[in-house]
Amino acid sequence: MRFLFKTDYGQDIRLAKHGGHVFWYGLLCLWLLAAPWLLSEYLLAQLTFILIYGVVGLGLMLLAGFTGLFSIGHAAFFGVGAYAQAVLTGYGWPFPFALLAGAALSAAVGVVVGLPALRVKGIYLGIATLSFGFIVAEVFSRWESVTGGNAGKTVGAVKMFGWTADSAASFYFVCLVVAVLATLACLNLLRSPTGRAFVAIRDSEISAQSMGIHLARYKTLSFAISAALAGIGGALYAHQIRFLSPDQFDIVQSIDLLLMVVIGGLGSIHGAFLGAIFLIGLPQAISAVKDYLPQAIGQAPGLKAVVYGAVLVGFVLFEPLGLYGRWLKVRAYLQLFPFYRKGLFRRQKSFQKSERLR
Amino acid sequence: MQFLQLVITGVAQGCIYGLIALGFVLVYKATETVSFAQGELMMLGAFFGLAAMTLLGLPFWLSVLAAVAGMALFGIVLEALVIRPILGQPAFSIVMLTIGIGYVARGLVTMLPGIGTETHTLPVPYKDQVWNAGGLVLAVEQMVVIAATAVLCVLLFAVFRYSKVGIAMQAASQNQLAAYYMGIPVKRLNGLAWGLASGVAAVAGLLLAPITFVHANMGFIGLKAFPAAVVGGFGSLPGAIVGGLVIGLVESLAGFYLPEGFKDVAPYVVVLVMLWVMPNGLFGEKLRKKV
Amino acid sequence: MKEVLLSARNLGVRFGGVLAVNGVSFDVKRGEVFTLIGPNGAGKTTVFNLISRIYEPSTGSLEFEGRPLTGQPPHRVAKLGIARTFQNIELFEHASVLHNLLVGRHVHRSSNVFSELFFTRRVRAAEVAAREQVERVIDLLDLQHHRDALVAGLPYGVRKVVELARALCTEPKLLLLDEPSSGLNVEETEDMAFWIQDIRHELGITVLMVEHDMALVSKVSDRVLAMNQGEVLALGTPAEVQSHPGVIEAYLGTAEGVAGLRRELA
Amino acid sequence: MTSNPPAVSDLPVLKLSNVESSYGPIKAIRGVSLQVRRGEVATVLGSNGAGKTTILKTISGIIDPRKGSIEFKGEDITARDPAHIVQQGLSHVPEGREVFPLLSVRDNLLMGAYTRDDRDGVAQDLEAVYRYFPILKERATQDAGLLSGGQQQMLAISRALMAAPHLVLLDEPSLGLSPKLTREIFEIVVRINRERGTTILLVEQNAHMALTVADYGYVLENGRIVMEDTCARLREKEDIQEFYLGMKEAGVRGERRWKKKKTWR
Amino acid sequence: QNSNQGVTKDEIVLGSIQDLSGPIAGFGKQLKQGMQLRVDEINEQGGINGRKLRLLVEDSGYDPKKAVLAAQKLVNQDKIFAMVGHIGTAQNMAAMPVQFEKNVINFFPLTAAREMYEPLHRLKYSFAATYYDQMRIAVPKLAKDKGARKVCTLYQDDEFGLEVMRGAEAGLKAAGMELTEKTTYKRGATDFSSQVAKLKASGCEVVVLGTIIRETIGAIGEARKTGYSPAFIGSSAAYTELIHKLGGKAMDGFYATHTAQQPYLDEASQAIRFWANKYKTRFGDDPAVFSVYGYEVIDCFAAAARKAGAGLNTDSFIQAMDSMTFPPDMFGSPEMTFSAKKRLGNDASRLSQIQDGRWKVVSDYVKP
């Protein structure tokens, strides 16, 4: 068990709360920097995907986990970012400018989607975003002059100022830098008034309002930032996958994104990345083990959906706080080690209350 | 004439959406969760009926009964196994759970060798019959849907408005803790709600089967029923039907009179407009927390 | 004559068939403790909701510091210097007490989103300053023990205090307290009385409260307004209002209270 | 208030032995043993966070105790399903009202009678609570969530009475009620106790009232029972007077007040 | 750049990506089984120049992103020699860059899109007439045969449907006609009433269907119901027995183009019956057109690999392929030829019609 003696207020504000944090996150950074030399090409590509989805996850986490607004149409923002990147880099824009422009465009779309969010809640918001997702996907497939329509659009490698990220490793570093910056920005936001306003809105709109929080502004802001991050993720995704087609940004993608943050653990920044590891890793894990299963099961079509669904069900049943929640428990157990008390983590009975009145 | 025909097919299609939306609203009213598995339950119901008719060789009406009863039982078992353990968690957890259940159901059906990946027809006695009146045509399949939707809606409405159990379900969904304090058997009612929802899903699946065929992905039509439920106001049973009709009509007319592509997004545009004008749908209660 | 801080003229609001508030007028003067009393359902909380702009009045007007309040959006009310607590406690359940109080500082926010994304030196300084203010309130209300506790697990009485603290963190000019002592025992109610007096004398905040505990009301309030069925019944000093026959009839009941009941039981 | 107190039998209707409950790692009550005898009004006093609500919740099965056992009318109801416990004739007025916000007032009341099958009895009791609180009749078709705080409290109490219980657990029934209604509530409590012989376990911040209407009292501090006696005798005790009835000399208060001013750091 | 990734002394590793859990899992499964059948046969006969074939199949769920992940696994982790029979246009488009970076051939993808051989790339091999060519030839001919003055189309709103529509449009243009009415639907749609009403209102005598299975049946059924009976013609995607099995009598008269032929066991040759039997004992269900495709893909691969000889690597395989001619096989598919410049095996297709609940070939192979 670690006891912290606080001596000034800055200590509560700091990102790394104690030496342990500095050490472990430093180690993680080192490992990430060394990854291209440590991992096989295949694993590095997976890691790149994880970083990309992690960035998108950060955005959705901000929206769903911290502001309490659930979007079932996030693939739309993801797609806007991806197509914007494809189009702008197609015009020869350098990567950073295209990325920022794409993020801005996504954010603008996010504001438009956020508008209904001001009036509707819960399931209504979910369906509103879902509807928006459908409409945006339709635009992707109909606006052929820009998106290439259903024929799809190819995207080149990352290029900026005479440098081209043409190897897997160099693109990995691009993603790493973006992911780290995005994470820091989110952490900063969450420890400042805006982040607190988001959480306040999540927990009680009426008292947030009476504390002077402009609900409309902060909800739209949350949508905008979330969409911008999704757009940035989408831009990276465009470079990674190099071929965009409208069906990559459909409802299934949206649900995948939502599942990602839920499984990662709503309301934690770690959760975004843990969720991404899960989302990218699980299908690979399934295909890795399926050869060892009996033919009738291992080779049957539909296996992936079953495992995917079952893991999801398992998570909700046994670890509603997601991967991050599980990690916290493991850590608490290790820290307390000889003094672990039975029932420490026993789930309390809890009772559902109507969320229609919030 | 043309217009009338479009209206008629729109109404028929709208009833299909309404029928599925009834299932959503039912689960929502009774448990305050949105079941993303409703479409898959429908699919299972259709397969159940198919099995009863082709494997067991039962006659149609018996198969329908068997499928509805079987699915109701299935719903109860499902609730006991996977939903009850997290009863009381925020509704959102259960929503996630239903997504997972949907995946598993779809996957498991797909895994059935020789059946899951195929498309099947349900040999209903009224197949391919058409009702023709003065140049307007309506398939009997669709008329059956319309009739069943109306009957189910009235039945469910009565249950929730007048029966003790129906009111208790709503009570439990609004404030579970208080429901326990009142001695309402929350868990049992929850099981009942899922049983009921699965039964309704089975009815929908069987009625839809002649129109959409029976296959593992037939549940996706549920995505169109969400807008229907929302337009009507998510907590309202008659609203589900009206919402379904609105969506069906809009689709039908937009498909004919508007440029390509509008038919597919029309329901979603309607939803957005609706939520903008009436955030709680046509029949939804105007809700506001009193502080 | 002290300056009028808040003035309500002919306030009225109707919900369906219920006239919750009807033609209510009163003035709250700067620096006083003004109490609303009245039987349950008299419309006291509704008056609060009208002031904090949760409801739109059907008739009448509200002025704060001489400027019309009606027409302001709800979130502006806090900025103008009006903070409130809720009858049923509305805290941010899944956040710590400290976090709740920091949200109270929101109206004093000086940074914008972009500087926050980079957490510039200015943002950091503003955060530390906010924290210092919050600690002052924590000291005042004795919440040190609960600073890092999650609100969800606190006992009712402590939450009431946290809610008061959160309202104080906004540094309001006018504080609306909806039944501050309900759910508190005698001792805690006394603390509450002292706090209200401190708030008024030391922080110079005007207090408008709804309260049923007449001992507390008599102790801290300068003036009392009694309402019944949405209308004003009496206005005056605590003693005057408590002896008003209409108030006794509708609200206080037989003056004997506990003693009378005990006698009857015996 | 004319009828005489019902015969308090020595048989406990409710018996807690050594009960311990916790929220996650936090122990809220430790080793609580108490009894409520048939026909009696018992009360539990305690400051904020002492664990009063937790005791009541443990009794009605909302929280499962870690240790100890609870007996109701001779049956062991430890950690039983709340629905079962209510069925046995125990009903609970929870802290913080907990009405069904989107059901009408009348439906709320009918839900109180969920465990009953005698329609006539229910109809009679409905009339009875309407008589106690006419406002509920006036608002019978309104959504309960729109009632004022005090009206909701009346509804919560009425709803519990609709179950025609043998034992009522009352958690701060006077919360948010006007002085007049507070008195009426306690009158009703006594009336129900006297007229129907309903046993009552009362938790109340208004210790004056509680000690007046109750026969027997327990004092809870930090999750432990530190004192128990008849209410008549408890009222005479000095520390009860000081801490729960607020009768103390000015000097003591003055000191406390000074303590509050101490600054932190 | 040369590589012999995936080829060892006694093994050739092949990869394939199929939809095993998504919207066309039925096709994915048949393809996979067809390929596996041929792989097993070859291995039983001693492999190719002493090397056994090993086929790794990944599931994409018909999702391009998952297809990329799967391709990365197959190419970079499992080190496959070639990607064979990968299904789906967008999926192939997304996976090809991953493969080409590692010099992995995209062999006979299961999509009749032109991008599978255009623009020319040394690692692209495609085998069957594209939807575009199929429709370009068949539609004007049918229109002429029927004496139709107005031709319309109903197509799926994706790349597949577009290709069908474009082919029909190009063919008609060459014949001096144009499409009178174009209408679309979204994948998975079940209601075609307004589209059919549109077609009916336009009075077309021939309707080109860019549809797959259920949509074909739904659209034709709706038309029959409302008393509208033009000649319907679909692409090879709609050439499956499921159309008449599911759609029943209403489907009679429907035309579709195709390359491989539906194996009806009762009327098939001895050889096909034998093959079908083997298939059924191995997998438990009857083969269908996509099983045939799968079987042919591996069969052709094996022939080319055999020809490439003991020193099999990408270059030698390409060299062998570029001089290959595959004679017509027992399923009645046309001859295929390849060269360094010609990477589409054959561009001929023929027309069948459903008559009395069964596909009947009504024309010979026609080259564009």
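Going by the order they are written in, the chains are A, B, C, D and E; count residues from 1 in each one.
By our rule, contacts are C-beta pairs under 8 Å (C-beta built on N, C-alpha and C of every residue); 3 or more make two chains touch, one makes a residue touch a chain.
What you see is a predicted model; the values in this text were computed from it and never measured.
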Chain whose average C-alpha position is farthest from chain D's own: E
Between the pairs B-E and B-C, the one where more C-beta pairs touch: B-E
Remotest chain, chain C as reference, centres from CA atoms: E
Geometric centre distance via CA averages, chain D-chain C, whole Å: 27
Inter-chain centre distance, chain D versus chain E - centres from mean C-alpha coordinates, in Å: 75
Euclidean distance of C-alpha centroids - chain B vs chain D, Å: 44
Chain A-chain E separation of Cα centroids, rounded to whole Å: 37
Residues of chain A touching at least two other chains: 206, 301-305, 349, 351, 354, 356-357
For chain B, residues contacting two or more additional chains: 106-107, 110, 113, 116-117, 174-175, 177, 180, 216, 261, 264, 287, 289, 291
Residues within chain C bordering two or more other chains: 45, 54, 86-88, 90, 135
Chain E contact footprint on chain A (complex, rising order): 40-42, 45-46, 49, 141, 149-152, 154, 240-243, 245-248, 252-253, 280, 283-284, 287, 299, 301-305
In the complex, chain E residues that touch chain B: 20-21, 23, 25-26, 28-29, 157, 182-186, 188-191, 193-195, 197-198, 201, 213-214, 217-218, 221, 225-227, 242, 246, 248-250, 284-285
Chain C residues within the chain D interface of the complex: 15, 37-42, 45-46, 87-88, 135, 138-139, 142, 144, 153-158, 179, 182-191, 194, 212, 214, 250-254, 257-258, 260-262, 264-265
Parts of chain D lying in touch with chain C, wherever the complex brings them together: 1, 23, 26, 47-49, 53, 95-97, 135, 146-151, 153-154, 172, 175-184, 186-187, 190, 205, 207-209, 212-213, 243-246, 253, 257, 260, 263-264
Contacting residues of chain B [partner chain E, same complex]: 2, 5-6, 9-10, 13, 16, 106-107, 110, 113-114, 116-121, 128, 130, 137, 139, 211-213, 215-217, 220-221, 251-256, 260-261, 263-264
